[in-house]
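What follows is subunit A paired twice: with subunit B in the first complex and subunit C in the second.
Now for the complex of A and B:
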C-alpha cells in the first residue's frame, strides 16, 4: 500500500494493538487461577433509555451545530484499563444553506450532503483517516432520514452540508466475547444518535423543516440462559429492548433504527437488520418509542438555545454596552 | 440572524457587516483608538483564557479537550506496540538516545481540520496545506523538545543467559518492543490560532497518558500487557514548552512612505484577525529555571515589522503567557 504523503505515517514496521493478559486473582483460595471476565449487564428496564446530553451552538463559526452524548452510566470500578463499555459522543455541524458553485447544475431544491466520520480514537480498534464503507453507509442512511424533513423548495440553487464527527462510538459486541465479533450492531446506535444530533443542528442553523426528526433504536436480544440452542425462540428468552448497549447483551439477533417525526406520526427512515422473526413490527414500535423519548431531550435543548438567543437580542438594544473586557462595542470608522 | 441588528437606526450598518465588507479598516478603527481594543473586546496584548478537560475519552490512553475562546480541540493519544524485530532499519547502537524516538517514528501526530470546524475546511478531501503544516509543526516540536524520555516507551526483557555462556555473566537486557503513540488532534471548532490550542491539547493529553505494564512473554513470543490500572505508569514529560502566537496588523503599504505605516502586535489572534494580519510570530518557551526561561522555537513569517525590540517584547509576553497556560494545565 502506498503511504499517505499528506499525513504523518506510523512507523514502517507496523504496530499492533496491545494484547492484555488476564489478571491473576488475588484471593488466596484459588491463587494462580485467572479471573473470569464478567460482561456488564443491563441494569435499566427494557423500555428505559439511557440518559442523554444534547446541546446546540457548540461551533460558533458554523451556521448550526450540536453535540450529543450518552455519558457513561457508571464509572469503571474494577481498576482495569480495558473499558467495559463504550459511551457515545457525537458532534455535528451544519454549513449552509449557501449558493452552489457556478459550474453546478441548476437545482430547484436544497442539495443536502451528509458526511459521517469516526475519529481515529473512537472505537476499540483504531480507525483509519479515510472514510470506510460503514461510515459511508451511516451517511447515506442519515441523508434519507433528513431529506424527508427539510423543506427543500425554499432554497433553490443552494446546498447544505451536514458534517458529523463521531468522537466515541458504540461497541459492536462485548469485547470479551471472542466468538461473535461481526455484525455492526454498534453503528445502529450511532446512526440513531446521528439523526437526533443532525436534527438539532439543522434547527440551530435555522433551516425550515416540517417537524423535528429524532432517531431511536431497539433490538431483539437473546438470553441463552433460557434453554438450549434447539429450543424455540420464545423459550430461549428473546426479549425486546429499547436503546440497547451491545456490550451488555450476549447476543443481539435483530436491531432497528428509525427516524421518526412525532408531530406527524411518520417515519423518514427505517432500517431493520438481522433476523427479527415474528417480532419485526413490535421491534419497529419499540424503536419509535425510543425516538419519542429522545425527542423530549431534543425539544428541551432547542428551547434552551432559543431562550439564550432571544434573551441576547432583548438585552442588546436597551442594555448599555458596558465597554468592559469581553464586551463588543461600536467604534467610529472614518476615512 | 441574531446579530443584534434590530435597533440599528439611520443608515448605519451593523458591526458584523462592516467586519465582512472591510475587515482591514474595521480592525484599524478599533486599534487606532486612544485606548486600543480589538473587535472581540480584548486588549491588544490580551490572550484568551484556555479551559482544559482531560481523560474524557474511553478508548484512548490519554485525552484532552482544550477550548481557547471559540477554538476547540480534542486530542486523543493511543498507544500501540512496535516490535523491535519489525523495525526494518534498526538504528545503530551508538545513535544518540535523544534522536531514537524520531528515527523510529514513535510519535505520530496528525491534525485533522476537515471535521466541519469551519466553512473553509470541508470534509471529504485529503488534508490541505494548513492541516499538513500544523501536523509537521507539532511533529517537529515534539521531536526536538525531547518531551518524552525514550525509557518510558521501551519494553525490555531480561534475556536468560544462554547455556554455553559463562555462568557468572548475568542476564542481559534487550529491548523487545516500543510503544508507538498515535496522537490524533481533531479540531472541533476553529476560530484562529489553531497551533497554540493544538499544542496545548497535545501536552495535556500526553500528561494524562498512562501506559500499561508490558512484558515479553517468551513462550508465546509476544508482548503481553497487564490490564490492571495499578500496574500502569504515566508518561513523564521532561519539560513543559508552551507556545504563544502573535500577529501583526500593519497599515504599511508599498504605496506609502515607510514611516507612515502604523503597526500593532496582537496576541492570540482569532479567526477574523488572522485573515487580516500577514505577519505572525510563534514563540515556544520552556519553563523558567534560575530566573530565565529558554526559547525552544521562534517561527516568524510574513513580514519584517517585528524587529529586535518587538521580538524581545513578544518573548517576554510569551513568558507571561506561559504561566497562564501552565496554570490551566495544572488545573485541568
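Now for the complex of A and C:
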C-alpha cells in the first residue's frame, strides 16, 4: 500500500504505546490483591439483544446523521480498568442527495457511495488512517444493504454519500486470550450496527426509502464446556446466539449479518461467514430476529427526532415505517 | 372522449381496426365477454361500495367498470367520489357526452374547490404575521398542508403464475375477504404469535403491496390490445386500516447512552433551534465590538500611513491632528528636496583635492609596509595549499571556513585540498584540484600588509601567471622537496624565468612537503640537496644570492610557515637564526615603500580585472598602480577605448580608502562618462589620469623607469628580447602584463652582445646592460641570444617604452624582454 501523504505520519519506527502488564489469568489464592482476569461470559439469554442507543441529527452540518451505541451492559466486575467487552460506537453522516459533478456520467438513479472507516483508536490494534481491506469490505456490504431500500430513481443525476466512522469497534475475541487472534468476528457486529445507523441517518436526511432497513447479527458459538442455562442436549455443543459479543464466546464457528426490511419482509443483505453447518437457515432466522429487535429502537429514535423537528406529537403506529414523514393523510385525487 | 384519451396515452401502440370502429359507436354494445365480466365484477364493486355505506345502481357500476377497464378499485373510488363530496352526477348519461361533460366539470370543480379553499381575494396584509401567513415557516392551516404520500412501487409485482384468469380472480376474492375480515376484526391473527420461523414469513400475506395490485391478469377484451401493454394507474388507496403487524412482545432494548454518547446528543439536535454561540460570546468583549465602527477602519489607517510616507496631504476624515500632519508634511517636503539635491550631485564625485604624495609621506611612519607577492611553482607542488595555510595562520581566513572547506573537500574525496580551496574559489578549480586563475588575498602581519597573488602552476595557465607576476613585488617559489627534478624541468623553470622577465628581482623559495621527504620526514640532508640545486638554478635565471631565501616548510601541516616548529621534534633543526619561517622571510624581503618620486609621476594602472553589474558600483576595475597616485573624484582616461571615468570609490586590500598610490593593488569603482560599451573595457587596458596629455613622443625620463614614459596606443613596437628558443620571424603571443594579444615578429633587427665580458646572467638587469650590436639583420636568433626584434600587434594597445614583454608560441615561452621603442 502506498504511503499516506496527506497527513503527518507517525515516525517510521512507530511509537511505543503504553504496555500494561497483564496479570496472570490463574493466580493463586494467597495473592489476593492481583486482579484476576476472567473471560466475560454471556449472561443474557441466547435470543436477547444487547441494549442499544440510537440518536439522529448529531451532526448539524450533514444532511443526515446518526449515532449508534451499544453501551456496556453491566458494571465492570473485576477491579481492572480495562473493560472486558467492547462497546460499539458508530457515527454516520449522510451527505446528499446532491448533484453529481459536472464531468460525471449521466445517472438515472441516485448514486450511493458508502465509506466505512474505523477511527485509529477504535480497536485494540490501532488502525491506519487509510481504509484497509476489511473496512472497504464492510463498506461494500453496507452499500448492498442500503441500495435495496433507497428509491434511487427519484434522484437522477445526483449522488449521496454515507460516511461511517466507527469510534469503537467490536473486539474480534476476548483481549485476554492472547494465543488465539482470529480476525473478522467483530466486523460482523460492526456491519450490523452500520446498517442500522445508516438507515437512521438516511431517514434523517430525508431520503426516500421503501422501508427501514436494520442490521442484525447472529452467530453459532461452540460451547465445549456446555455452559449456559440452555439444557437442551442438542445445543450443548453448538448454540445459536443472537447479537453475539465475541469477547464472551470462546469459539465462534459462524456468524451471519442481515439487512432486513421488516415492513416488506425482505432481506437486502445477507452475509454468512464461517462454517454454519446445518444451522445456516436458523442462523439467518436468528439474525433476522436480531434486526427486527433493533428496528424497535430505530423506529423510536426516528420518532423522537421527528417530534423534535416538528415540535408536535406524532402518533405514528409503532411499526409504521414512514413515521418520519408526518401525519398520514390520504388526499383524494379526483379524476 | 374516454377512449380517445386512452389512445393518446398509449400513443406508441398500434391502432386496431376495432378501435377505429369504436370511435363511431356512441353507445357501447357489450360483447359476451364483457357481459361475463360485468357479471363477475359488479357484485364485488357493490360489496365494496356497501362497505362504505354507499349504493349505486347496476348501470352505474357497469358504466364505471366499463370506463375503468374492469378495474375494481378504480371503479369503486370513482363511484365513491362521484357520490360523496359533490352534487350528484348522472353517470348514466350518454357515453361521449358524459365524458366530455365530466372532463370539463372536473377541472372546473378542482379550480372551484381551490378557489373556495383560498377564500376571498386576499386583502393587503396589515401585519407581518399576516403577510407571512401560509408561508411554510409560519403556522399553516392544516387543510392546505401538503403531504407526501408514498406511492406504490411502480414496477409490477412479479407474479409467478402468469395470467391465469380464474386463479387470479380467486386470489383476488380471497385477498379481499381477508382484508375485509382484517378490517372488521382488529385482533391479531392467531398465527402471528411472535414466532419468526421462515415458513411463517413466507406465508405472511403481503397486504401492503397486494392491496394495490390491479387485476392485471384478468381476461381482457381482445378489442383493446393496447391495454395489455400498460396497466392503468392504480387508484388511490382505500382508507382501509392496514392489517396489523404480527404482534410480538418485543423487549425494550433501548439503552441510555454512555457519557460519550450523551455529549454527542445532548442539547437540541439541530443547531437551528439553538441560539448560536459566536466567537464573541466565548472570548467576551462584546462591548468593545459595539464601537468597532466609531474609529477609522483598518484600511483607512493603512491608507493614511501610506499617504504620510508619500508626503501627501490627505483630507483624512478621521484625522485627529491635522495641524501636526501639515507640519510633518512640510518637513518631509524639505527632506525630499535635500534628497534630490544629493542625488543630482551623485554622478559628479567631487575630488577632495588631496595632496596624495604629501599625505603618503606624512603617514609613512605609522603605516605598515606592504608587499604583493606572486606564488609560483610547478603544478601540484602545493602552492595554493601553502597559501591557504599562510592565510589560516595569519588570520586571513577563519578556522571555520577551513573546516567547511575540509568537509566539502572530503566529500569530493580530496581532503588534502581543503587549504587550497581558500585560494581556489572556482568550482572548476576545486573539482580539478588545480588553480586556474589568479587568486588575490590579503593578510597582515605585525609589520606588513601582504597581498597574495596565487598563480596557476599548470602550464596551460601560464598567461594568467604572467598577469599575476606583473603585479607582484616579489615572488614566492614553491618547490616540492621530493619532486624537485620534475619541477625544474617543468613550470618551476618557466615560472622563474617569467618572474624574472616581468621584473621581479627578489624571490623566496619555500621547500614544501618536507614532512613527506623520502628516507625520513624532515630530513635535513634532503633539504640541503634541494637548497644547492635551487641556488644554482636561480643564479642561472639571474637572481642574485642576497635576493633569494630558501625556507624549509610544510604547507599541509603548517610547519615553519608562520610559526617555528618546536625544538623537540624531527624538525628541531629548523630554528630561526639559520632557517627563518616563511613569513619572516617574506617580511624581510618586503620592498621599500615607493619613493616619493614615483608618486609624483603620472598615474599608470594596468587593469587586471573588470567587474560589472552591482547596483552600487556598475563598473569597477582593479589593478596595480605602477606609478603615480589617484584619489576619489579623479577623472581617468581609459585606453585604448579612450573613455573617461570618474573614480567614485577606492578599495585597497578590501578596505575603502581615500586614495591609492603606486605599488598598491587597488579596486577603483568608476562612474563612466557617457556610455561605455560592454566590450569597451577589458583586462589589460590602461588607465591614466585624464587631462595629462598624451604625448606622442617619448618623455625625457630615464629608460630605467618605464612607468614614467607616457602611454601610447600603438600597433607595433621594437623590443629587446632574450631568446629562450630560437627565433624566426613568426607569429607569437605577446604578453604585456595582463594584456595578451596576438602578434608576430615582423623582423629581426640585430643581435646584441653584452659589452662586458663575464657571466651574462649574473649581472643583473637586462635593461641595465650596455650592449653592442653583434650582427645586423640575422636570419635566426639562436637560443640564449639577445636581439632587437620588430613586433607587430593584431590590435592596438597601450605600449610604453620599458614595458616588460613576454613572447610565447605554442604554449611555450620563446622570448622575454622589454619594449625598447614604440612607433605610432
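Here, the second predicted complex is superposed on the first by the 264 of 335 C-alpha atoms of A that agree within 3 Å, B and C clash if a C-alpha of one lies under 4 Å from a C-alpha of the other, contacts with A are read in each partner's own complex, and residues count from 1 in each chain.
The working rule: a residue touches a chain if its C-beta (ideal position, glycine included) is under 8 Å from a C-beta of that chain, and two chains touch if they have at least 3 such contacts.
All values reported here derive from a predicted model rather than from experimental measurement.
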If we overlay the two complexes on their shared chain A, which of subunit B and subunit C does A:137 touch? Say first, second, both or neither. neither
Which partner does A:60 contact after superposing on A: first (subunit B), second (subunit C), both, neither? both
Could you say whether A:7 touches subunit B, subunit C, both of them, or neither, answering first, second, both or neither? first
Which partner does A:115 reach: the first (subunit B), the second (subunit C), both, or neither? first
After superposition on the shared chain, which partner residues are touched by A:300: those of subunit B (first), subunit C (second), both, or neither? second
Subunit A contact check, subunit B vs subunit C, more residues touched by chain B
Scan A:250 for contacts with subunit B and subunit C and give back first, second, both or neither. neither
Could you say whether A:87 touches subunit B, subunit C, both of them, or neither, answering first, second, both or neither? both
Determine, under the contact definition given at the top, whether A:123 touches first (subunit B), second (subunit C), both, or neither. first
Tell me which partner A:222 touches in the superposition: subunit B (first), subunit C (second), both or neither. neither
Subunit A residues contacting subunit B in one complex and subunit C in the other 58, 60, 72, 87, 89, 91, 167, 309, 325-335
In the complex, the residues of subunit A that touch subunit C are 48-53, 55-58, 60, 67, 69-72, 87, 89, 91, 167, 208, 210, 262-265, 281, 285, 288-289, 292-294, 296-297, 300, 305, 308-309, 318-319, 322, 325-335
Subunit B-facing residues of subunit A, complex: 4, 6-23, 58-62, 65, 72, 79-83, 86-87, 89, 91-93, 95, 98, 115, 117, 119-124, 126, 129, 131, 161, 163-165, 167-168, 206, 309, 312-313, 316-317, 324-335
Residue ranges of subunit B touching subunit A (in the complex, touch as defined): 1-2, 4, 6-7, 15, 18, 25-26, 29-30, 33, 37, 39-43, 46, 57-60, 63, 70, 72, 74, 76, 78-83, 86-89, 104-106, 108-110, 112, 115-119, 122-124, 126-127, 132, 135-136, 139, 180, 182, 184, 186, 188-191, 210, 212, 214, 217, 222-230, 232, 271
Quick one: which bits of subunit C touch subunit A in the complex? Just the residue numbers, please. 81, 85, 106, 109-110, 147-150, 153, 196-198, 201, 204, 206, 208-209, 236-237, 239, 245, 248, 250-258, 260-261, 264-265, 268-273
